[in-house]
Structure formats: structure tokens, C-alpha cells
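In what follows, chain A forms one complex with chain B and a second complex with chain C.
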Partner chain A sequence: MTETDARPGPSAGAWARVSGWVRAVGAWVVRTNRRTPFRVKVALVWVAIFALLAFFFWIAQFDNQWMLDNFTYIAKGLQYTLYIALGGILLAIVLAMLGALGRISSNPIAYGISGFYVSFFRGTPLIVQMFLIYLALPQVGINLHDQFPDLFPQTLANQLVLDAAVAGTLALGLNYGAYMTEIFRAGIQSVAAGQGEAADALGMTYRQKMRRVVLPQAFRVIIPPTGNEFIAMLKDTALVSFLGVAVANAEIFRRSQLVGKADFQNLEALLVAAALYWGLTIVFTFFQRRLESRVSRGYVRTSDRLAASSEAQAHGGGGGGVG
Partner chain B sequence: MWKSSTALAGVAVLVLSIASCGSDERDVGASGDEPAPEGGVCDTTDASGDLLAEICEKGTLTVSTDPAYPPQSVLNEQTGELEGFDIDVATEIANRLGVSVAWQEPSWDLITAGSWNGRWDVSVGSMTPTNDRQEVLDFTQPYYYTPAVVVVHEDNTSVTDLSTDLDGADIGVCSSCTYEQYLNKSLDIEGFTFDFIIDDVDPTGYDTDTTALQDLALGDGTRLDAVMTSLTTAQGFIDNGQPVKIVGDPVFYEPLSVAMDKSSELDNATLLEAVDQIVGEMHDDGTLTKLSEQWYDGTDLSVQQ
Partner chain C sequence: MTSRPDEAEDTPVAERDVVIRVDGVHKRFGRLEVVKGVDLDLHKGEVVVVFGRSGSGKSTLLRCINFLEDPTEGTIEAAGVRLSGGYRTRRKREQIRQLRLRVGMVFQQFNLFPHMTALENVRAAPICAGIADNRTHAMDLLEQVGLADKADEHPIRLSGGQQQRVAIARALAMQPDAMLFDEPTSALDPELIGEVLAVMKALATELHMPMIVVTHEMGFAREVADRALFFHEGVVWEEGRPAEVFGSPQRPETKKFLDAVL
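Let's turn to the complex of A and B:
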């Protein structure tokens, strides 16, 4: 026996054992992979992403204590963010309804006005519209009062000097209303023409036809994208802070800027704001999904519905439902 | 269309409620709720029909401030009140007028742009009365003077002589503020002369000084070679533990004044005169020295260096 032979090396038997283990593990992975439900895998991906994020968080050495200390103050802006978004979406819905009726109207005045409205408010940036409403309306009011003091009294001119939050809400409503006009128009036009003709045949007036036949069916198409617009608007409320909302009723972004700049912790403040907006949209996306499935209830086949509900029960509580 | 009319009513109610809660809570700050003090300018003035008369009648001086600038103006998020040197100066001016003070917090650009439309009466916001601004705003005499300094990253060793070592460097400043004008050699204030010692700079403009400072803190030359800002802001950033340092002596001293809107609907001449006189009195009786030493670590910035 030479020295080389004596060295304990991997014999043929050991190799076989190792490759046997590898094959066994491989087979286990393949088997588990087949057995593991899709949603569990998705959850694992999310866990991996969050682990990576946590790593970056740790590497970047953010001031976690500062974020904890200031979270409550920034989070108090949630209610004002919601006020602005709710005010904006309500205004947008009204404008979109009127705009859509104008777009399908045969009246040249209604058609012309709604065409201009959609073109202008979709064709200019939201932030520009906010500044225009905040800065230009008071000028218009004051000049109108100077030119026609009797027709346009001082009190009316003063009304046009809008609060930053009100100007921002108006701009959001006008801008989103223009986009949603097209959604509403498409919704109304998606109702089968025969429905309207049937209403006409029954002798309904235009208003009756719209209110009782066309609009209720159009809303099924309109509601889901409107929910989406609302979620988008939640985030655009941050733009209002560029007008300088009063500190007492500042929304999330303004609050994060106020404390972040004052303490030189801008990044940390932005992270808190990002977390809050994200949380808010997760909550509203959940409701949006519920609403969407509810309005389409009548159009889902019974067998599909049963399958969907049993699927939901089987995976209920599983991860990955975020987003 | 009953549906849209109900919705319209809903919008109206909502917008009104936002508007009303705006006016309810506007009076945050030092002495917003206190009764107007007696014996001020308002008791003796014979102004009528102008801005001063209206302020006296309302009993409130509405002051604009940007509460993102410690130690001049900063929001105490615990109490919800504003604090700082500018806040104390504005409160004292209102006291001496014989009215209480209320705050508005618009963005800085909107304050310097003029055309306030009566949203607020005066700005006590450490504003430099540049000749450009004087076209849209009226200014009182300066109530204090801020030294402008050059800040570099603490690893930097190449900048020692400001008049030569910064020529052609990447310097960050707040956009459309006096430091940018200084670097562009366009700073122009009546009654003041400036020595433009830094040449060939194309300054990078930021929304505020603190954003520029944060970019500088990333590393020496990573994005910026230097930042020009006020001594007070720079010191606050250094005290926060950030890796930057001040080099050399202050480059220039800028005067800072109370501003009023030239285009205001009501004549502001008597108010300007009254506030200018109050600022003079606050210089003479040591009030400004006391407030400056209180907010700027014992430094008296109320006198020109």
C-alpha cells in the first residue's frame, strides 16, 4: 500500500451515497414544489423581498428611533389626506357624470363644453391646475370687483381667495373628473342599445330612460375603475402640500416634510410617508376588490362562483393577499 | 338627476367643512388665543380705510412663515405650536401693534412671489430684501443679519482658501434664494455691496437648503463639492451629527427684513411705517439682541458685522 492509497478519499461507495442524497433532496424539492400551493410560493417570494428590504434598511442605517417618535404625528395627517381625496372623488364623480352625458349628447353646447373640459384638464399637469386655482381665481375675483363693483361685490371676490386645501381638492376633482368622464362615457355606451330602444318604446323620457334603465346597468362597468381612480387620487393628494396647507390640518406628505426638514431627517420622514400611503392603498384595494366582485355578482356563472368560493376557503388566511 | 344633485350637495358640504376647519384651526402658535394686548400702535393711530386700520379692527395680524427652517421657524409636533426666532419676533411686533398674531404657512415661493391676495398681512420669514423682490414686496429695515458660509464634506481637505479653491466647483444652494444669486454674481440689494470671491460656478438649485446639505453629506464630491447656506442652518445640520464642516469666514452677511405685499388691495403705507418703527425700537431696547442670543446660542445677529 502506498501513502496515496492510505489517504481516506472518497471511495466509489461514498460517491454513490452522496449522489443518492442529492437525488433524494432533488426529488423532495420537486415533490414539495408540486404539492405546494401557488399562493404559498407567492408568499415565500414576498418574504424574500421583505428580507432583502430589511437588509437594505439595516445597511442604510436609518434613524429608526426618529421614525418611531414621529410616526404618530405624520400618521395624524391620514384624516386630512382622506378628506381631500373624498372631497376630490365626490366632485370628480359629479363632473364625470355630467361630462359623460355631454359627450354622448347631441346638444352642441353640452358636447362642446364637455369636450373642452376633458381636453383641458387631461391636457395640463395636475400641479399646474392646483397653482392656477390657488393663484388665479383670487386675481379674477379682485379684477371683476374692480370692473363691476355692483355686479360682483367684495364678499364674492373674497370667496374666491381659496384655502390651499380647498384649492387642491377642487383641482383634484376637476382633473380626475376629466379622466373619469371617459370611463363614464364608456360605461354608458356599453349598455346594449336595445335597452335604450326598449325604454324609448315604453314612452320614457330621456331622464327616465337614463335613470331607470341605462345608468343602473352602466354603473356595473363604472364602479370598479372609479375605485381605482380613488386609490390613485389618495396618492396625488400629496401634491396639495406644494401650495402650503395650514400646519394644523396638514396631510401626510406635508407633515413628513415639516418634521423631516426641521430635524434633517428627510429620508426617514419620506419612508414613514411611503409606509402610510402604501398601508392606505392596501386597505382600499381590499375594499375595491370586494366592491368589484359584488357589482359583477349577477354576471358570474353559478358554477364559477362556487368554485371561486371554495378556492377562497381552501386558501383563506394564506399569505400573499397583499397588494 | 337627483343622484348628481345629492352628490353635489355632498361635495359642497365636504368642501365647506374643510374650509371651515381651516379657519377654525388657523390660529396655531404662540399667542393665538390670548386677548389682544392693550396700549399698542392701534390705540394711537389715526389710520382709517387702509391695511393697518383693518388689522386693528380685526385685532389680528396674520403672519406667513415656513415652519421648516430651524431655528427661525419650526413646528413643535408635540404641542402643535410654532417656535423659533422669527416666531418670537413676529409675536412681539403684533404685541406692539396691540393685536394678537395668527399664522399662515404657505410655501416659500408663494411668499416671495407677491400677490398674496390678502391671505396674510406680513411675512416675518428671514427674507432678504433683494432688488428683485422689492419690485413686488415692501420691506422694513432689517431686523437681523445672517452670515452666509460655505460648507464642505468633513473628508474634504482641498478647500482652504474660499477665493481660489471653489472656482468651478459643484455648489448646491436653495433655488431662487440669495445664495444662488451670490454665486451667479447677481445679488443686488440697495445700500449693500458684495464681494463676489467665488468664480465660474453653475450652482445646483434645491427646494431648500437642507436637501442640498443632505446631498453633500453623501460624500465629498459624490454629488456636490460644497453647499452655501446660512451659518445657522449649517450649524444646525452639524449639531445633528452630519459629516460636514464649515470652511473659512462668512462669505457675506445678508440683511433680513419684514415684508409686505405691494399689490395688496388696502394701502399698506401706514402699516409699513408702523412696523418699521417697531423694528427700530426692538433694535434700540435690546429685544432683538435678547431674542437672537436666545435662539442662536448666545450670538447677537441683530447688528451688522
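Let's turn to the complex of A and C:
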């Protein structure tokens, strides 16, 4: 203070005024910060990010008119993207169910096959699997026909020559099915052992036990991550483009590449594709959240029950295990 | 319960009345032998109470009877078949299933199916067994355990005692020849034990349901049981009428245990 007083220039009164303002602004910031709800602050962060993106967008001088003109063409790919993803997820669910039952089976054949399946399809890249199914499968048909022309006629060999979209869907289903096998297995194993024992003790067959007791409870655990996998798969459908799908039924990414290259507007085309994928994901994330909360609704009193059962264990003390 | 009907004439009455016969059962988990040779006959209308320290093998024996555990040695005879442990062929799996349909089981942790209502829980087994029109019977059973008004509630909304009573009704749904109770009241708050024991008592005294009950409820044992078995180190250490076993135990281990519990 003394130093400031000694210096010539702004008087002590001016300094006091400035520091008063600074303090007032500081206090206002602190107060507003405290009063503003978390969600509003998050929204502000998003607005800031979008402003920044808009700035980059603006200085990049994109051809907005081109984007508008070609939006419909690229957006037509949505339906094929959805077809591929839906086909893929359905196949993946079936495979994951079978795979999970195999992983928990005491049958060596079922266990062996599911083990190989999970190992191979989790152990190799999706894009490699796509090419293998698209390119190697026809070769297998040709080889078999060459070696055993009677057993394996040409017509059968031709069946192994797949359309790119079909090969891509197969690969997606096989690949995601391998990952989801683990989800399904964990879901089934999350069902308390006592549930299966109770079903056994009531004289249910294995099939009845699974269908009526174990799986309905496992699905509560399985459904939310399966929705997640579907959302992930929506975007991996873009890989199918590398197999060179026919223009007529190309999905989003393939279409964006086609028009982008044709008009030398690659970045614009990619932006449109990105926006479409993002929009699609936002829509399905919304549905997935709803599904998730719906699925957990039946167990609302879960926390009470957990408390009750831990209490019970404390009471039961010596009872459990090999008692 | 002999396998050949022509022998039945010569068999003594007590022999014919056997509902469950446990013959020389051993159970090993790896190198740990939990049950070391147990013989036990459960007769028609008889209530056998099994008690003993935790880890003495009493629950394991009970679980061996309906093959939730596979007996390492020995046989179980019930519902007209004599079964041993080991590899389960298709035929044997079916026989075990038939045995389980004839022998009801009630668990310490109730193990009701949480996604089904009380009524659905009771109907689960008859539906699986393809018994048509099981609804009335299931309602009767819920009535019997005093829970007809809770038929449409999910287990989560029931108290422990109510859950266990539903579990008893569920085990009764297949009209079993005998019942196994594995510490049915050990997971319950003290004030809820009575209602479950009352249901079990009614089952024994009014319906003369043969049952093996693993429990530490000595009052129930004295009042209802015909025989009490003290389990120690995987064998039946002492056995007799409940009043005798509890009143004047013959072996020091039994006495020690009873002193600790009572």
C-alpha cells in the first residue's frame, strides 16, 4: 500500500475504485457460479465448443451449397446403414446366445466351438474378417468344387460368392457376436446360483430352467450393453464400403466417398456423413437410455433387498457353504 | 419302497414305509471329505431333524439327497428309484428329475424367482411338468401358508418370512412324497421365524408330510420331530428321540454343541 501511495500517477482513490470493481466482478462471478445449475454450465461448454467448431467451419470456406445439394443423396444411405446394422445385431444376438450357452456348457463340443469362435473373431480385425468372408469364402467354394465335383456342385460353390453388403453384415454379426458372447455369458452367470438350484430342485429340465428362470433374469443385465453394441455397430457399418458395395444400395459412408470423389469435395462429403452418423447415434442413444431405465424398473427395491440379504447372511452366519 | 413289488409282502411294515433311503453316502470336494458315510431312512409321516456345527456336512447331505450335489459314494433311494452319483446319462438325468419332482426342497435363502409373482412361483413347477389347471391348486397352497392375499406380489415386496412360506408352497406344488428343509429359518429375522415354523408344523402334524429338516430350532425339534440326528465331522454322531438327545446327550460333542446353542 505504502509503495502505491509513494508512486506518482493514479491517486489512492482511483486504485481503491479499481480494486472495488475487481472485487465486485469477482463476487458476481462467484455468486453466479454458485447459483448456476450444473446442467446450464455443461450447456455453456457445449455452446463454446460449437462456436469454436463453427469458427473453423467458417474459415475453412466449405462449399455449403454443395453439401446441401448432396445431402439427400448421402442420407439415402441411412436405410442401408440401418439394414446392415440391424441384420448384423440380430445375427450377433443369436450367435452371442449360442456362444454364451457354449461357454457355460459342460459339453466339450459346445465349449470347444464357442471357445474357438470367440478367440478367432475377437482376435482378428473386423476389416480382415470382412475381406475374408468376401474374398476367401468363394475361394473355398471353388477349391471344394475342384476336389469333389460330385459332392460339391458348382451351384453350391456359387452360393459362397456373397454380395458385399451380405458379406459385410455377416462379418459384423460374427465379430460383434463374439464380443457379445462374453456379455451374455456374464449376464447368465450374474444370475444367483440359488436360482438355478431352485429350478433344478423343482424338477425343471435344463431348457425350462434357462427359458423360465435364468434367461429372463440375465436379460436385465444383457439388454443395456447390447444396445451399446448396436450403437457401436451402426458406425462400423462404414467398413462395408471397403468391399465396394454397388452404388444403388450403398450405405452412408460409401455414398459420401462416391460423390465426394466425383466432385472433388471430399471434406464436405465426410462432414455430411459424420453429421448423419452422429444424428443416428444420438437418436439410438436416446432409445437405449429409455430401454435401460425400463429394464431396471422391475427391481426398484434392489437396494433394500441387497441390504436385507446381507443382513440375512449376518444372521445365517454358519449356515451357508458346506454346513 | 422296494424295487420289486412281489417282495413287498415279506417286507416288514417299517421297511415298506421308507420314503427316502440314504445308503452309505460319502461326499468329497476334492480332497476334503464333507460327508463320510451316512445311512438314513425317512419313513412315512416322519419328521427328522438334523443339527450340528457349521461344516459338519448336514446341508451337503441334504443336497446330495436330491442331487444338487453329486454323492461321491453311496446311493439315494426315493420315488421308486435307486440312484448313485457320477456321470449323468440322459436316462439318469431324467431319473434325477423324477426324484426331484417327488422330493420338495426349501432353501435357506428362499431362492424365489424374483421376476415372477408369488402365484407364478408356485405354479412354475406344475407348468413345467405340463399339469393343466394348476391355478386353483396353487391358490390353495398359498391359502394354506396364509398368503392368498399376496398371490400377485413379487417376492421383493414380501418379508423374509412370507418369501419362505411362498417357497414352501412352491415346493409343495408337485405334491411331493417328502420335503427337505435346508436351514429354512436361518436367514430370517427373529420375529419372522415363528410364522415359517408354524407352516412347517402344520405340514407335519396335519398333512403328515415326511420331512428332513436341517435346523437349529430346538423348540421346533422337540415339539414336532420324531427323530433328531446330531451331525459331527460328516457322520451321524448321535441319534434318538429329540427329548432324549437334547435332554441327556450321550456323547461329549453333542453335549458341547447343545450347551453352546441352548
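Note that the second predicted complex is superposed on the first by the 278 of 323 C-alpha atoms of A that agree within 3 Å, B and C clash if a C-alpha of one lies under 4 Å from a C-alpha of the other, contacts with A are read in each partner's own complex, and residues count from 1 in each chain.
Please note the rule applied: contacts are C-beta pairs under 8 Å (C-beta built on N, C-alpha and C of every residue); 3 or more make two chains touch, one makes a residue touch a chain.
This structure is a prediction, so every number in the text was calculated from the model and none was measured.
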item: Touching partner for A:Thr205 - first (chain B), second (chain C), both, neither; value: second
item: First (chain B), second (chain C), both or neither touched by A:Gly194; value: second
item: Chain B versus chain C as contact partner of A:Gly87, first or second or both or neither; value: first
item: Chain B versus chain C as contact partner of A:Gly115, first or second or both or neither; value: neither
item: Which of chain B and chain C A:Gln217 touches, first, second, both or neither; value: second
item: First (chain B), second (chain C), both or neither touched by A:Ala248; value: first
item: Chain B and chain C contact sites that coincide on chain A, given as residue numbers; value: none
item: Interface residues, chain B side, partner chain A - complex; value: 1, 3-4, 7-8, 10-11, 14-15, 17-19, 21-23, 25-26, 28, 66-70, 74-75, 77-78, 80, 82, 103-107, 110, 115, 117-119, 208, 210-211, 213-214, 236-237, 240, 242, 265
item: Residues of chain A defined as touching chain B within the complex; value: 70, 73, 83-84, 86-87, 90-91, 93-94, 97-98, 135, 138-139, 142, 158, 161-166, 169-170, 173, 207, 211, 215, 242-249, 255, 257-259, 261-264, 266-267
item: Contact set on chain C toward chain A in their complex; value: 29, 34, 53-60, 66, 68, 97-98, 100-101, 104-105, 107-109, 111-115, 124-125, 128-129, 154, 156-157, 160, 170-171, 173-174, 183, 186-189, 214
item: Touching residues (chain side chain A, partner chain C) in the complex; value: 192, 194-195, 197-205, 208, 212-213, 216-217, 298-302, 304-305, 308-309, 311-313, 315-323
